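Chains: A, B and C, in written order; residue numbering restarts at 1 for each.
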Amino acid sequence: MAKKNEKIEYVKNGKRVDGRKVDELRPIKMEVGVLPNADGSAYLEWGQNKVLVGVHGPKEALPKHKQNPYKGLVRFVYRMATFSVPDRKNPRPGRREVEISKVSGEALEKAIFLENFPNCAIDVYLEIFDSNAGSRAAGITAASLAIADAGIPMKDLVCAVGVGKAGGEIILDLNKTEEDAPDAVDIPIAIMPRTKEITLLQMDGLFTKAEWKKASKLAFEGCDQLKKMQEEALRKKFDTAEKKK
Amino acid sequence: MENILWNVKTDKVLSLIKEGKRADERKLDEYRSISITKNISENADGSAKVKLGDTEVYAGVKMMPGTPYPDNPDQGTISVGAELMPLASPEFEVGPPREKAIELARVVDRCIRESKTVDFKSLCVREGELVWIVFIDTYVSNYDGNAFDATSIAALAALNLVQIPKLEDDKIVKGEYTGKLKISKQPLLSTVAKIGGKLVSDPTLVEEKAMEARFSCGTVDDTIMCAFQKGEAGSFTVEEIDECIDRSFKNSKEIRKLV
Amino acid sequence: MEEKKDEVVVEHKKKIVVVPGELITDERKKLGQHVFIENGKVYSDTLGLSYPSSSVAYVVPLSGRYLPQRDDLIIGIVERLTMKGAMVNINSIYSCYLSADSVRDKLELGTIVSAKVDSVNETNEADLFDTRVFFGGEIISVTPSKVPRMVGKNGSMLSVLKEGTGCNLLVGRNGWVWAKDGDTAKLVKALRLIEKEAHFDNLTVKVEAFLKGKKVK
């Protein structure tokens, strides 16, 4: 955490504390099909964040009274490993994890043809092994890959990214130092890039509408980059076999 | 299992909203009537009951001395709890809060915390040792939709009335107060539901059953926002979000006059 | 096993890997499986292979759970006995009911059967017919979406597999392969090879070479 009385210049000569430009993502690595026992899976590294996702289903939703005869359910479980934060995290899921699980699952629902699977559930299990701001965005981006890897019919991939403000500057993909700025605003946002629909949007911090306009534009540009990386990761699963040939 | 009755009722909601109408004859951007009863609990340090249409929420605040977080030794903090009482709806169950109640509590917490309306430094009694923790606990006692806004109004109304208890030997002296808690801003959530592709403010329960998506925006005054939360399975375009933001500024301005 | 029209494995056409939401064509084409239309354009709904020169817009998925379809030949295992029959696990979302009257042999827990899918309802539950009971043998699990390649055009791959391993063999569309006698270890290796390279051409030739002990380049 940044020291309270220490003045940090969050953007200096166009560069941020970690050397990135205002509209630059941290380095990202994606891989699909990493867990043989899951129907679909993905591993994602996003800066220091490390995320593993496994998808099971569609399968019959149990208990039966949770079933929806019109469409399948997405049951998203977001958890952080005890060692994934500076202090040891209590292994019991907290309120934050419950809320993130709820909104992340909802962020994926629109992208899936859930009407094909009445009374069924798609279980998405996600574990964060290391974190440094933006783990829910990393989680949704990875989960969308795992669902595609599971062969579950989708309208589009879902990309998520954080945008916000630090030291008065609107920036893309905040890291922990930037998230701890005194005037920090953090906006996780998930987008279906093809139709430009927003499926997750949260914010905390003080923000004007003009600033939001600027931030949302940055978010859409960031998600376009993410979508390309996702497509590449999915194709790569099959292209590697070709190279071996 | 989804109550099949809702499906019949939501069909009606959808057909009305398609024509720009609502069952209670409100306009799409109009709120239900709001009534606020102050000081509903003498034991609380500040309390209020809010009725938003038929949605009813009780809120009470307790100030408790506690130890500060090690990373913020000179700051107190707030804590927001929300309970969807089993008597508020047949769908709510007895037991620890489920994800719906947790989301509600966290979004109301976010709106108040991020608005910086309570100066956490002013809650410090002795740095590194003793600070005030402001517990804001809310109970939804009748659920007819839009618990987010009703709870946020109730929490703010209660917060505005909070008296700081007197401390002697680091213990609270019952019934004696040293003054009012300073509330510098009036943060409020304002929620819009997307139903049949249209934006509908302050949804009722049956409208919520019909909604594809929900968006709440917290505002502190006429220009500054402090929280967003999108919920449910559907999506918004960026233009729709902009429209929701404009409505939040407009509607919260009116509600702020009542609190 | 018969091939369905929209699942024909076309070995000579150019194919590309597509991802969910990717544009397949903006021309008017007949629609096959795993595509959807939005504003007059055709998109893929899954990670799979698309054939741009085909007159039908369709995608062959590269992964995914088995969902029963009419006339599929499947392998099942009895998992629960009921008063007048049994529930058969078919490696899908739901198990199927099998009446004891419909088979001559006694159904017991763990009995392996083959059957054809008669009808499927909108919740993906299936009715079976033409049930046969198997004695002995083993079950090999494979990726359901790769099964058509394990059968091949007019069963060409299946013949190659049978010949090369000496196994008595039945490939269920649901991703379960029943095998008895012969070199089943070799069969498993051959099936894994097909799974790994299902999206490449000349697979039959390659598998044939593998089974004959030749080096696959």
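Note that a residue touches a chain if its C-beta (ideal position, glycine included) is under 8 Å from a C-beta of that chain, and two chains touch if they have at least 3 such contacts.
All of these numbers come straight from a predicted model, not from anything done at the bench.
Colleague: On a CA-centroid basis, which chain has its centre farthest from subunit B's?
Modeller: Chain centre farthest from subunit B's centre: C.
Colleague: Chain with the smallest distance from its CA centroid to the overall CA centroid?
Modeller: It is chain A that sits nearest the middle.
Colleague: Please report how many Å separate the Cα centroid of subunit B from that of subunit C, as a whole number.
Modeller: Roughly 53 Å separates the two chain centres.
Colleague: At what distance in angstrom does the C-alpha mean of subunit C lie from that of subunit A?
Modeller: 34
Colleague: Just the number, please: Cα centre separation of subunit A and subunit B in whole Å.
Modeller: So the centre of subunit A lies 26 Å away from the centre of subunit B.
Colleague: Two or more other chains in contact with one residue: find those residues in subunit A.
Modeller: Subunit A, residues with two or more chain partners: 69, 192, 195.
Colleague: Using the touch rule from the top, collect the residues of subunit A that touch subunit B in their complex.
Modeller: 1, 64-70, 95-96, 98-99, 101-103, 106, 109-110, 187, 192, 195-209, 212-213, 216, 220
Colleague: In the complex formed with subunit C, which residues of subunit A make contact?
Modeller: 39-40, 57-60, 69, 111, 113, 117-120, 148-157, 192, 194-195, 230-231, 234-235, 238-239, 241-242, 245
Colleague: Residues of subunit B touching subunit A in their complex?
Modeller: 1-2, 71, 99-100, 102-103, 105-106, 110, 113-116, 215, 220, 223-238, 241-242, 245-246, 249
Colleague: Can you list the residues on subunit C that touch subunit A in the complex?
Modeller: Against subunit A, the touching part of subunit C is residues 17, 19-22, 34, 36, 38, 43, 45-48, 61-65, 93-94, 122-124, 145, 196-197, 199-200.
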